[in-house]
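Common to both upcoming complexes is chain A, partnered first by chain B, then by chain C.
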Partner chain A sequence: MELGQKRRSIRWRLVIQLSIIAAVMSLAFFLAVRAVAEQAAADTQDDILAASATSIADALYSERGEVRLELPYSALSMLGTISEDQVFYRIVANDVTLTGYDDLAIPAAQDHSRTPVFSTTTYRGAEVRTVAMSRAVSTGNLAQDVTVVVAQTRLGLAATSSRITSSATAVAVGFFLVATLLSLFAAQSAVTPLNRLTKSVTRRGPNDLRPVVSEIPSELVPLVDALNGFLARLRASLTRSEEFIVEAAHRIRTPLATVRTQAEVVYRQMEKPKNKRSVREMIRAVDESSRSAGQLLEHAMVSLRTDQLDTQEIDLVDLMGDICERVRPTCDLKDIHLNLDLCAQPAKILGDPILLQSAVHNILDNAIKYSPADSTITLSLEKGDSYRMTFSDQGRGFGGADPANLVHRFTRGANVSDIIGSGLGLTIADEVVRAHNGYLEIKQNKEGIGACVSLVLPVS
Partner chain B sequence: MRFLLVEDNRQLAKALCERFALDGHVVDRAHDLTSAQTSIRTVAYDLILLDIMLPDGDGRDFLKTHRNRQGKTPIIVLTARSEISDRISVLDLGADDYIIKPFDFAELEARCRAVLRRQGGSGNNEKKFADIIFDSNKGTLCFGEHVEDLRNRELRLLEVFFSSPNQIFAKTYLMDRLFSFAEDVSENAIEVYVGRVRKKLAGSGAKIETVRGIGYRMVQN
Partner chain C sequence: MRFTRFACVIGIFFGLVFGANGFETEEQKIYSSSNATQTLRIISTADIEAFEPIVYAFQQQNPSVNIDYVVASSSELMKAIYEENASFDLAISSAMDLQTKIANDGFAKTYTSEATDALPAWAKWRNQVFGFTQEPAVLVISEADFSDLSVPTTRKELIDLLRDNPEKFTGRIGTYDVRISGLGYLFATQDSRNTESFWRLTEVMGRLDTRLYCCSGEMISDVAAGKIALAYNVLGSYANSRLKNTPGIRVVPLDDFLGVMLRTALIPEGARNPAASGLMIDFLVQLNGRPELNKLTGLPPINSLTLQEGSAMRPIRLGPGLLVFLDRMRRETFLRSWTNSIAQN
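Right after this comes the complex of A and B.
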């Protein structure tokens, strides 16, 4: 489990990283758009306020030494063009309010500055943007400083700003979503070669140890090279052990064959029953050791293959037919009749042909070994929910041994000490059927004599 | 019947030839593929027994070339390899059967017989005695209009009697021919089979006679 938690997919890591980048960029975009737009709106208001103040200042004139003002309508109406905000104004000459709201504060500006001075203050409970502008108005012999103050509430600006904010938000969210979607595609296409490589490796059969040659991006070349190196070593090692087993079997079996054949020749030429018995024991010992060696090797092979089945489509009818044909000469030697009761239509399953042959052969071999001469072995193949291959003989059965125990390694029936056997036949068959999701059924024959073994395999 | 045995292990080859000779078969020996090729070009064999691992090559290559040349002679592979996949591959390459070393000679004989029977046989398996024609390949016994099918042990018993009519065969000799080393049977077991053969011979010009204390022989009525 711990390993599983640590396993993070490259794809998700890429998606998450790209999404984070997209989120940061969206946020930056949003902030920049909002700042620029608000600045632009504020600048517009300032420009109009300045223009308004200028046009008011331009309308100042002096009459009989006093500063007068004919407030131009346009000066205030132009402010209305941007919004429905309230406009306040105050004209102050020599600290005396000439006209307007005399409680409107004059921004603390350099008195002699002729440039408009902007400030943001609160007036009558609302935030206002104020512009103050000084103008010298000549009143005969001296010039009088007149300050024009124009203020406007900022509700319109706030509305504009919120409008800009919402559209900037919409654009940023949209950008984020599109970027995330694209990052999904990008991550998918980035891991596609990996997936292809994985598929090309996992699709292989258990015996396929050829190097991987699928098209891969340069980043994966070291990995694939390492994998191919590993495969080559594995192949070499498997070949070595296979060669070893073949060589070992050859070296053991060939001399045993010589011993056995020579013993048979000697046996036939002997007269004394006592000597004949000894040679007979010798031949049996040879048979026993060769059988044990054979079964041990076969069991090793079966254990190896059940880990990874080399699955093919097999017809159980053909399989059973072939094996019967193969054992017929051995049956003939004891005049054992093989009674085949196979269903007519093909019984196709997906399975490992070598393993299934081994299982069926072992069961049939047992049946022949324990059957008396002139008896019948019945083989049947029935199809129901599953395929049931049944082998029933007229031999000695299991002599009270618990059938369930017989599948254990080196366990044999209670009554078979006089017959050569390794105690591995049923173990092999059991392992094979279990690897094919089936099971082995062992019981005494219905008629009371003999054994009845069934291999049950699911219909695939 | 003439067999060719291709086997590089000289002791095994010698022992097998001796064993075949005991049952009256003639077997030629070849110790490598080259001499095997020479032999099959000069003599028409009824059957080839072929080892897989040979000093100058793989027996399977011999099998392939033999089949490619449309060679009809049946081949039984003698193999020390135990892998099932190996055994299947020799059948795919055109072997008629295989047997794993070490083997019971009776089983080898049975396989040879089965292969020869499948092959259809070349009429020289018929043996005649009195009015009887005994075909060991087909496993039949004919006299007059009568055709009897023989079971394996009856057939093997009759092979012994027909190999040398009028000769007395000891019970133990007959038992060795009929029963395997794995079987523990009493001397009386042979009587069962002699009894069966007698039934099949009933009405013919020959019979199996008991020679008290010694064994049996086949004589003319």
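Right after this comes the complex of A and C.
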């Protein structure tokens, strides 16, 4: 992936898309509410104007051949009930103004209809809503056409409209906020199965290659199937390579043993010191290869077993005692004293005895290997929150190498070239304690001489 | 005078003054303040004597304002604002209908303040016309004439009383001549709207040879002098303020309904100093908090509580309804009916 390119989150994409939808709907809602409400307000004004004009038209009468009007009080007062707008009116009979505001325009579209005609015009510098209505009034023999015009400014309407607009705005904004909040939840719940899958995969140990079985939505089934297929292939491939190593190590070790025996025989028959030295070198190389092959075999065994632990109850005190007994002959050869500092009670844990023996044996073997003659190796077992098996020697330590790196395969201390080793001992111990949910602690001794390695295992 | 510290009178012009403007004013008085920086020009229908305490109190609160107070009739006031280019900052009038028309026709400025917001809705219109007094139309009777008669409390009782005692009341009833008095016309038209008995009462008064007056003051004087026994639709605020130094009269508020006129103020569109007009309007609409001024002027301030107590009080509603009786055809018809009823002989 290119640097700086943003990873696009499904959740944020969902939130943004849902928010845009909410915004569009809020806007549509706002416009619709405002349009309907303003229309309703405008209709109310029109209705009252029409009622006013009708009541004026109804009050028209004729007297001595003239059209007369007794302007009804309610005709104008009713207009004052909805707002404090200005009110204008004009009554025209045969193009002569009978009463009212002489300069109030009569709507051009007047076709002498008996139904009210509405228009919006400007009068005295303000926008007015005007209604015009015609009525025939008979004066003696002839009927006169009388037009009633009533107009009202629209400030009340504007105030109503702005009130509606602000309420509609508030509701639309509220709707948008609530919808956005809900879309956050929706997006969160949509990606929950993904997160669950991610967690179930990341929680796994490095050697856990079982298929993924967590609950997943149908959309993720192909992905999980692909993942499981991949895991199966990986597992098969790993198993194959471990088997290959076992096979290879085994096939190398047996002929090497033969080579070594024959070399010993030859060595004894040699007389020239130069030749003897060469054969010794050869025997040493064979030992090293043999040990590496043995360690590789053991490591492969450990790797296989850690996938499928064969747990049973074991006592760490017994285990350490057994191994001490097993290495005592080697120690005696080098005059190394084993100092056991074990607790009196049994320290029982659930674990794989073969693996744990292998781990302890490897550590102890290292300690003996790097200890000088006539020194002491101290083994202790403490019980706190967890069991801590500590192996402390008086050897050369790690020569400045980073202890954390020593657990990597084939990594050895910086000062051990003269001693046979494969660089797999600590790797094996580390993998074993990890498989038992424990950890390996490697450091220089506090006193400055020797190494101190602890196997820490949880109390089960 | 109490407020000489704040104001001194520069000049008073009595009588009819024909200015260069062509509208008639009756009086003018300039109240200049000691540290005045501006002038507020008021055109008003209220007499100088009645309004003066308010002017002094206002100047005490706003010493930077000179006041030029011009008295004119309500119709001349309207003329001044409509036809002439006379620039006044404030128009104060008892003619609610004309004030409403000024505002409706777009000759008034809009003004809002905390004080005007506090006014009840019925006491203002469009934030242009602001009522600051509530003055009922009452019956004023001569106590001497009613010594042996029961005092009427409704229009119906008044009609019965007049019918039953023609010998006592013939020629001894007074009311406004609505043809010449704007206030009388306002009260009469609102009466006609509010009660069926108005036209019967007018008929009865017409038969009893009722005297017609231009002004409340003269009616009250004639009742006090015994020339007439009762006066109908007299401005209650005038009557009440005359009570204490006019023996022999009595104010009777009728309780079938009591028309209440609001004295109103508005800022004309051509006002040069609308800021000062706003100050005066705020002062006027808050008169309720100054009972001492109420005593001096006799002008009852706007008070919603008094309306709740006396349910008969019915303030004339500001709004386009007031334009109806200003309609020239409606006015013509009304005056013709009224004249036919009141002047029967």
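A few points about this structure:
Here is the rule we go by: the second predicted complex is superposed on the first by the 260 of 460 C-alpha atoms of A that agree within 3 Å, B and C clash if a C-alpha of one lies under 4 Å from a C-alpha of the other, contacts with A are read in each partner's own complex, and residues count from 1 in each chain.
The working rule: a residue touches a chain if its C-beta (ideal position, glycine included) is under 8 Å from a C-beta of that chain, and two chains touch if they have at least 3 such contacts.
Please read these numbers as outputs of a predicted model, since none were measured by experiment.
Look at A:124: by the touch rule set out above, it reaches chain C but stays clear of chain B.
Once the two complexes are overlaid on the shared chain, A:373 sits against chain B while remaining clear of chain C.
Put chain B and chain C next to each other and count what each touches on chain A; the higher total goes to B.
Contacts of A:284 after superposition on the shared chain: chain B is touched, whereas chain C is not. In the superposition on chain A, contact of A:329 is made with chain B only, not with chain C.
In the superposition on chain A, A:77 contacts chain C only, with no contact to chain B.
With both structures placed on the common chain, the touch criterion links A:264 to chain B but leaves chain C unconnected. Contacts of A:357 after superposition: chain B is touched, whereas chain C is not reached. Legend: residue contacts after superposition of the two complexes on their common chain; A:11 is shown touching neither chain B nor chain C. Within the complex formed with chain A, the chain B residues making contact are 9, 11-12, 15-16, 18-19, 22, 53, 78, 80-86, 88, 97, 100-107, 110-111, 113-114, 151-153, 172, 176, 180-184. Every residue of chain A that touches chain C in the complex is listed here, in rising order: 68-77, 79-80, 84, 86-88, 91, 98-100, 124-126. Of all residues in chain A, those touching chain B in their complex are 245-246, 249-250, 252-254, 256-262, 264-265, 267-268, 273, 276, 280, 283-284, 286-287, 290, 293-294, 297-298, 301, 326, 328-330, 332-335, 354, 357-358, 361, 369, 373, 418-420. Across the complex, chain C meets chain A through its residues 103-106, 125-127, 193, 317, 319-321, 323-325, 327-330, 333.
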